[in-house]
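Report on the following structure.
Chain lettering (A, B, C and D) follows the sequence in which the chains are written, and residue indices restart at 1 in each chain.
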Amino acid sequence: MKFVPKHTNYIQKVRESFERQEFMKLIGATLIDVQPGYCEIQIPYQESLTQQHGFFHAGVISTIADNTAGYAGFSLMEESSSVLTVEFKINLMAPANGELLIGKSNVIKHGRTLTICKSDIFIVNNGKEKLCAVSQLTLIELKNSSDKKQHQ
Amino acid sequence: MKFVPKHTNYIQKVRESFERQEFMKLIGATLIDVQPGYCEIQIPYQESLTQQHGFFHAGVISTIADNTAGYAGFSLMEESSSVLTVEFKINLMAPANGELLIGKSNVIKHGRTLTICKSDIFIVNNGKEKLCAVSQLTLIELKNSSDKKQHQ
Amino acid sequence: MKFVPKHTNYIQKVRESFERQEFMKLIGATLIDVQPGYCEIQIPYQESLTQQHGFFHAGVISTIADNTAGYAGFSLMEESSSVLTVEFKINLMAPANGELLIGKSNVIKHGRTLTICKSDIFIVNNGKEKLCAVSQLTLIELKNSSDKKQHQ
Amino acid sequence: MKFVPKHTNYIQKVRESFERQEFMKLIGATLIDVQPGYCEIQIPYQESLTQQHGFFHAGVISTIADNTAGYAGFSLMEESSSVLTVEFKINLMAPANGELLIGKSNVIKHGRTLTICKSDIFIVNNGKEKLCAVSQLTLIELKNSSDKKQHQ
């Protein structure tokens, strides 16, 4: 699918939003690629990200599934819009046992209010990439809504 | 629903598994309660856990939804079993804007191989608790499988 | 949860929409109860509704999960609105082996645009009711949109 | 993905199971194609399959999403096995307004116990095919279990 962004500023807008997410720093996530309707994020292995077996925690895998989708969708939205995840579903198909986690998400349908994405999560073990999780997500575009920090 | 655990050691088993999850330390999660088919986990607010608006990140909310369910189910499994999340679906219904995140999960169906759970996630803002996410999850019991770290 | 309908006509509006669904007639579904944020539908066993083992087909179970939620949500919407299901997830927990299928759905969150519901599906076998499926659903309210047939 | 079936009888096995599903006759579904890890089913428009706007009912769309996945997975299982859907999630992305509904499903991961599939549902309107729903599903293989009718 080919998508046309609604403004030329979409990459910078995604990058700035990603920078504002403190949780991305905590888990060592890097925004690798942004294209219209597409996003890739990577997270190198750290012991602090593991579950009981020593593999990447399902929570980290879910985080990357959600965030790649959010920014894949965000890239297509109005410049003055904000994005929220409405819901998602994820299948964890194989243990995320390896040195690098890669999330890639594509927009499937970009509607006026809702955007549907699919995220594929890969684990790289000794340089070999393997699909370890698949996810299907629904985003909502909040028109004329700031993407910046809100005072609590 | 009332569940009868298969061994007397189920609380200790859950606690030890939780301790082995390095990711729980990173996000400051505390195991609050374990009962047969039930688990509660809490995560106090830290700036490092936030998304772009300064609220708890959806990835943190998903993590607590997954982990409470995993341990609610684990409490009912054989002493020699390990648990994995097969899949889950989560609806993020309200911004997680507050000082404390609380996850509570109940087992809905405990089968021989698969266990189905529901997790409710609450945000506490100025002492007032509000349901902010609901999740439905499928776990698999791995018989005669160690819950401990596996060398990579 | 207690919900207040936005107009007094909500029961009639749900009944008329249900009547317009030809698929409900085909599968022999009856609208049993409508309350603000709640709906119940029943489907008696017919051989024509079965899967390979002779039990209610998962498609019939999904239909009732979807429709009870749709009308639970519809009962709370504006009189001039129409409703569509955005997405749903369902766990089929036990074979639907019995003489009657009962779907009951409750609204969990009624928002301005989106409404989140949970549906529980019960199978009645020799008069004994058993939970056989649980579902979590997202609806969208289409403002100023007709609920009636649209010419193709 | 290329899959190798475990026995040569897989197409016949799927066809016979499909024939035993009375619900497929009721909704006028035809099994179009079976390949290792793949299945296609079609349902022509009938007024009896519609929701309130006169389009294919979400329940029919869910049925085809579920059944194509079930048989895509079943094609890879042991000859003596039976298959059940554990759970699925579906996004209804566009009104299914047209003369033919087409479901196509591919196995994403075929494990020893669980099989994960994705189903795409297309609506054909005046000969033009459009993606109207996407689904992600989990199946379980029941070893040494009959796929035939069980006396109630």
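Convention: a residue touches a chain if its C-beta (ideal position, glycine included) is under 8 Å from a C-beta of that chain, and two chains touch if they have at least 3 such contacts.
Bear in mind the structure is a predicted one, so any value in this text is a computation, not a measurement.
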Exercise. Which chain pair is joined by more contacting C-beta pairs, B-D or A-D?
Worked result: A-D
Exercise. From the centre of chain B, which chain's CA centre is farthest?
Worked result: D
Exercise. So, what's the distance in Å between the C-alpha centres of chain B and chain A?
Worked result: 22
For this session: Quick one: report the Å distance separating chain B from chain D, using the average Cα coordinate of each chain.
Result: 32
For this session: Round to the nearest whole Å and give the separation of the Cα centres of chain A and chain D.
Result: 29
For this session: Enumerate the residues of chain B that touch no fewer than two other chains.
Result: 86-87, 89, 91, 138
Exercise. Which residues, counting only chain C, touch chain A once they are in their complex?
Worked result: 86-87, 89, 113-114, 138, 140
Seminar exercise, completed: The residues of chain C that touch chain B in their complex are 89, 91, 93-94, 108-109, 111, 116, 118, 131, 134-136, 138
Exercise. Hey, which residues of chain D end up touching chain C in the complex?
Worked result: 17, 20-23, 25-27, 47-55, 57-60, 62-64, 66-67, 82, 84-92, 95, 97-98, 147-152
